[in-house]
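Given below, in the form of structure tokens, are the structures.
One chain, chain A, links the two complexes that follow: it is found with chain B in the first and with chain C in the second.
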Partner chain A sequence: MDQFIASLADGLLLGFVYGLAAMGLTLIFGVMDVINLAHGPIIALGMFAVFFLGPPGLGLHPYVALLVVAVLGLIFGAIIYFISVHRILDGPHLSSLLSTFSVNMMIIGVGTAIFTTTPKNMDFSIGGLAFWALNIPFTRLVGAFIAVLVAAALYVFLYRTQQGKAIRAVANNRAASELMGIPSTMTLALSFGIGTMLAAVSGAIIATFFSFSILSGGVYELKSFVIVVLGGLGNPTGALLGGLILGALEGIVPVFLPVSWVPVIEFVLFVLILMYRPNGLFGGGRS
Partner chain B sequence: MTTVLEVNNVSSGYGEVQILWDTSVKLEKGKLTSLVGANGVGKTTLMRTIMGLLKPTKGTVSFHGQDVTRMSAHAKAAHGLILVPEGRQLFTEMTVYENLEMGAFTKRAKENFAANLDRVYEMFPRLKERLDQKSGTMSGGEQQMLAVARGLMAQPDILMIDELSLGLAPFLVLDLFEILKRLKDDGLTMLLVEQNVQMALAVSDYAYVLADGKVELEGPSRELAQNEHVRAAYLGI
Partner chain C sequence: MKRLFLFVILSTITALVAACGGAAPEPAAPAQEQPKAEVAQEEPAKEEAAAPAGGEEVVTIGYTASKTGKLEVPSRGQTRGLELWLEQVNKDGITLSDGTVVKFDTKTYDDESAKERVQSLYTTLIEEDSADFLISPYSSGLTDAAAVIAESYGNVMITTGAASDATYKKGLTSVFQLYTPASRYLTGAIDMLAALDPDAKKIAFVYENAKFSTGVVEAAKAYAEEKGFDVVLFEGYDSETTDFAPFLNKIAAAEPDAVMGGGHFNDGSTLARQLYEKNTPVHFLALLVAPPELQFAELADAALGVVGPSQWEPQANYTKEAAAAAGLEWYGPTVAEFAKAYEDKYGEEPGYHAGGGYAAGVILQRAIEQADSTDPAAVKAALDDMNLLTFFGNVKFDTTAESHGLQQAHEMVYVQWQHDDQGNLVKQVVWPVEGQSAEPIYPLPR
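Then we have the complex of A and B:
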């Protein structure tokens, strides 16, 4: 029982961070109908960015470095948008899949050449919290807290600010937003930037407690897909809840079954949701 | 009289399909101009070309004497050229109030937000009761009101309305035409595309009759309403 609770807490805390990554994926899809297959490598780049900005590199405190990663992620996302997304936006879905997949391959290719695929480790520790059955490293707690904070900030931005509402307007009706004087291309670039930023930041948070390589993104990209389907494609709030569900599963399953069963159960769930609840568990978003 | 918008010999269309052939139209300051004609003659195409959603293959569009042919739609909106598009094109997932806010996105519109909001509430009291409702869940008439209201929030210098009355109940059509008259009395320059030719000629100062992508006839609306050809072809008299 103690082990169960400890694993559950562990999983839930991770779930917030997974949810944050998935929010990036689902935001981009919700706004421009593009499934960003470069999502995984961007997560991995976030890991490397915090690594090289942080103690092993420039020596910034990892949580300060996180802010820099956010800014870099935003800029990098806007660049990806103009190079590989903007021109295929009105094309068939296959075009954007291929286009973002090539970005994925390029990042992995260049990343492998520069960083090799040897795992890196931040060796970052700020103690832990031990009481009752729980023994939680503070990095996990802070990571989850930052994820919640960023998610809340995104929500406030989208629903309370003029620029955020413009993103929703463009997502809802691009032609009409253009008619109202909203520069839709810049708004789409900003959305892609924010989506990329969320992925990079979640990668950076993960790097504060797990080792990683340029290939690590793939695993988290798959998790993001499962989460996004759980929460409803295009629904950022659903993504955070989906992240918690996935995190909880990852925590609990290994208590009862060998750990290799985790992905099996995750993807069975993925298929079941697609079959019976294509709009996600919470019904929102688009089918 | 001052000409605020001038369309000179414009040809335009969708890809290979040319719809407009050498069309010229002028809008005078403070006047309500209407664009009438059968379905598919290019009225919407003309508006979309003026707005910059379609790029003309030939000809120019000038706004306050400045050539704006290649200017993007959002930049034109920022200068006060506003289109209320056919089929309303509301932000259906957003609330009524958010739609009005998005109407006032540009700098010139933001500066007059409070005054425009009051005016819109006063013209469309029904919208004021539904500020928190998702716009997509309202009735067709209410959506059309919101589309016009959103256009007014943009602080238009020229307001173009594509198919104001399409699919609306007759009493709503009358209400909306009353609003048009008021806006005209307030001195707003407007271009109206309308399938109800009789109403359009009754409310407007000047009219263009489009046929096969060309201006077939033009003149003061009162005169066109008496024209034999117009009466036979469009008014069914």
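Then we have the complex of A and C:
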């Protein structure tokens, strides 16, 4: 029982961060029907950004550095949008897949050349919480808290601000929103920027407790796809819940089976959801 | 106009990526490779040397290195060691009895830590680059793939950084292992635990699902059970694992006295770090590959007390006197000479991967001297007859048909990270007792 509780807690805390990463992917899909295959490397860039801004680099506190990472992620996303997404937005899906995959390869190529693939460690510890069966590092607790905070901020932004409403309008009907005077190109760039920002921030949070290299984002990109399908394509809130489900699975399954069964179960679930609930457990949607 | 601008930007970025040598599928530019023109100039010298009496013969050594990917750290040390040997041996070359001076050229490619790339790259090294002798890539998995190619072309391959026993039990005749085989990697750690704590009874094995580490822990598990230990957990993890929480929870539930396993640097250092962060209650932690690496000290307090089997350490007590006492031939530089040369060149203390890279060259050098020829069959026969002590330890190869080339004489040492008088983390040799540079810390300071 102790092992079950400890594993579930570990899984759920990580699930919040998985959910945050998946929110970026699902937001971009929801607004512009683009599956961003550069999602993984952007997560990895977020890891490197907090590493170089944080104690091993410029010396900022990692959680302060997260704010800078968020701004950099937003700008970087807008740049990617204008360079590789904007022109093929109305083309077939394959064009956007190839285009974002090219960005993926460029980031990994340049990242490998600059950073190599030697794993980096933040060497950042703020103690832990030990009671009953639980022994949880504070970095994971704070990571989960930040993930919830960012998810809440995104919700408020999308539903309570003019820019957020503009994003939702463009997602629902771009032509009509343009007729209403909404600058769709800038709105789409902002959406892509926010999606990228969420990926970068989730990467930065992960870097505070796991080692990483430029190749590390691939794992989280795969998890994000599973979560997005679980939560419903284009549904950011569903993504957060999907992240929690995946995290809980990753925590609970190893209590009863060897850990190597976890990806098998995850991807069987992925296929089952695609077959029987293609809109996800919480329904697909537009932001 | 805008399309043209976009095209120019994309072309520039693509060119930058290509220039940086990112993750392109083509072989990376050989680190030691000379420009084609220079290689071409050497060809006549090579042909000239084939004729006896006093010429210079340039022998090509081919190998792949993991310049990218998960094996980058240990592979870098191995490559540096080999490059240092090349630099030193090429100063004077090897003089054969007919006056021919043998010098070495190298051809190398980045195998990206990928087993799938190794066979085609070694084929290229042999067929296109005309490599005369081969040095293995780093890791058992990659070497196992490369060894098949070496054998099929009849090229002598010295393997280093590759401990798996299985490779040498396939009837190969051209492949010679420098490292202590995997089956003997953790047995000393089990002996050490038994000596430190006679009450310790439970061991958990958590290991990377890879050829080398699986071979090590299977042998160690059998040895532990033979010694009366109870193996309470025996589970592998994927090579790319970064979250060990499920394993830590299983370890906590099994309440072992010792945890052993790991696999390579990335996963091993992450496992050690997370065991420390979660304050998982274990008294003894022995991991493969990672602890002997200098970068392991970056884990700070999480590294303290962690034990690792090492093929060699700078504190190793291999001397000419020891060779004489054991009735063995001594060959090559002393431990201090190698360590100083390495530190002078690279500015850091050599680890065992670096020592292995250098020693692979030394073994080949001695075999060519003994054979008095660069003929593969003669060099192979010299390797079969070899039984010598170097700075890296005793080297003697199995010559039976069942396990030809398997290392028979080399022994492991066990290091542990401890604090020195100034509070800095330093590696100490703690096992075997006769080679100790410090008393082991037990239990783990947690």
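Basically, the second predicted complex is superposed on the first by the 284 of 287 C-alpha atoms of A that agree within 3 Å, B and C clash if a C-alpha of one lies under 4 Å from a C-alpha of the other, contacts with A are read in each partner's own complex, and residues count from 1 in each chain.
Here is the rule we go by: a residue touches a chain if its C-beta (ideal position, glycine included) is under 8 Å from a C-beta of that chain, and two chains touch if they have at least 3 such contacts.
If you're wondering where the values come from, they're calculated on a predicted model, not measured in any experiment.
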Touching partner for A:162 - first (chain B), second (chain C), both, neither: first
First, second, both or neither for A:145, with chain B first and chain C second: neither
Contacts of A:52 with chain B and chain C, given as first, second, both or neither: neither
First, second, both or neither for A:116, with chain B first and chain C second: second
Contacts of A:172 with chain B and chain C, given as first, second, both or neither: first
Which of chain B and chain C A:180 touches, first, second, both or neither: first
Chain A residues touched by each partner, larger count belonging to chain B or chain C: C
Chain B versus chain C as contact partner of A:125, first or second or both or neither: second
Intersection of chain A interface sets (partners chain B, chain C): none
Interface residues, chain B side, partner chain A - complex: 51, 53, 72-75, 77-78, 82-83, 85, 89-94, 98, 101-103, 105-106, 109, 150, 154
Residues of chain C touching chain A in the complex: 6, 9-10, 13-14, 16-17, 20-24, 68-70, 72-73, 113, 209, 235-238, 240, 242-243, 245-247, 249-250, 252-253, 265-266, 269-270, 273, 277-280, 295, 298-300
Residues of chain A defined as touching chain B within the complex: 162, 165-166, 168-169, 171-173, 175-184
Residue ranges of chain A in contact with chain C within the complex: 2-3, 6-7, 10-11, 14, 83, 87, 105-106, 108-114, 116-119, 121, 123, 125, 128, 130, 135, 137, 209-213, 215-216, 219, 250-251, 254-255, 258-260, 262-263
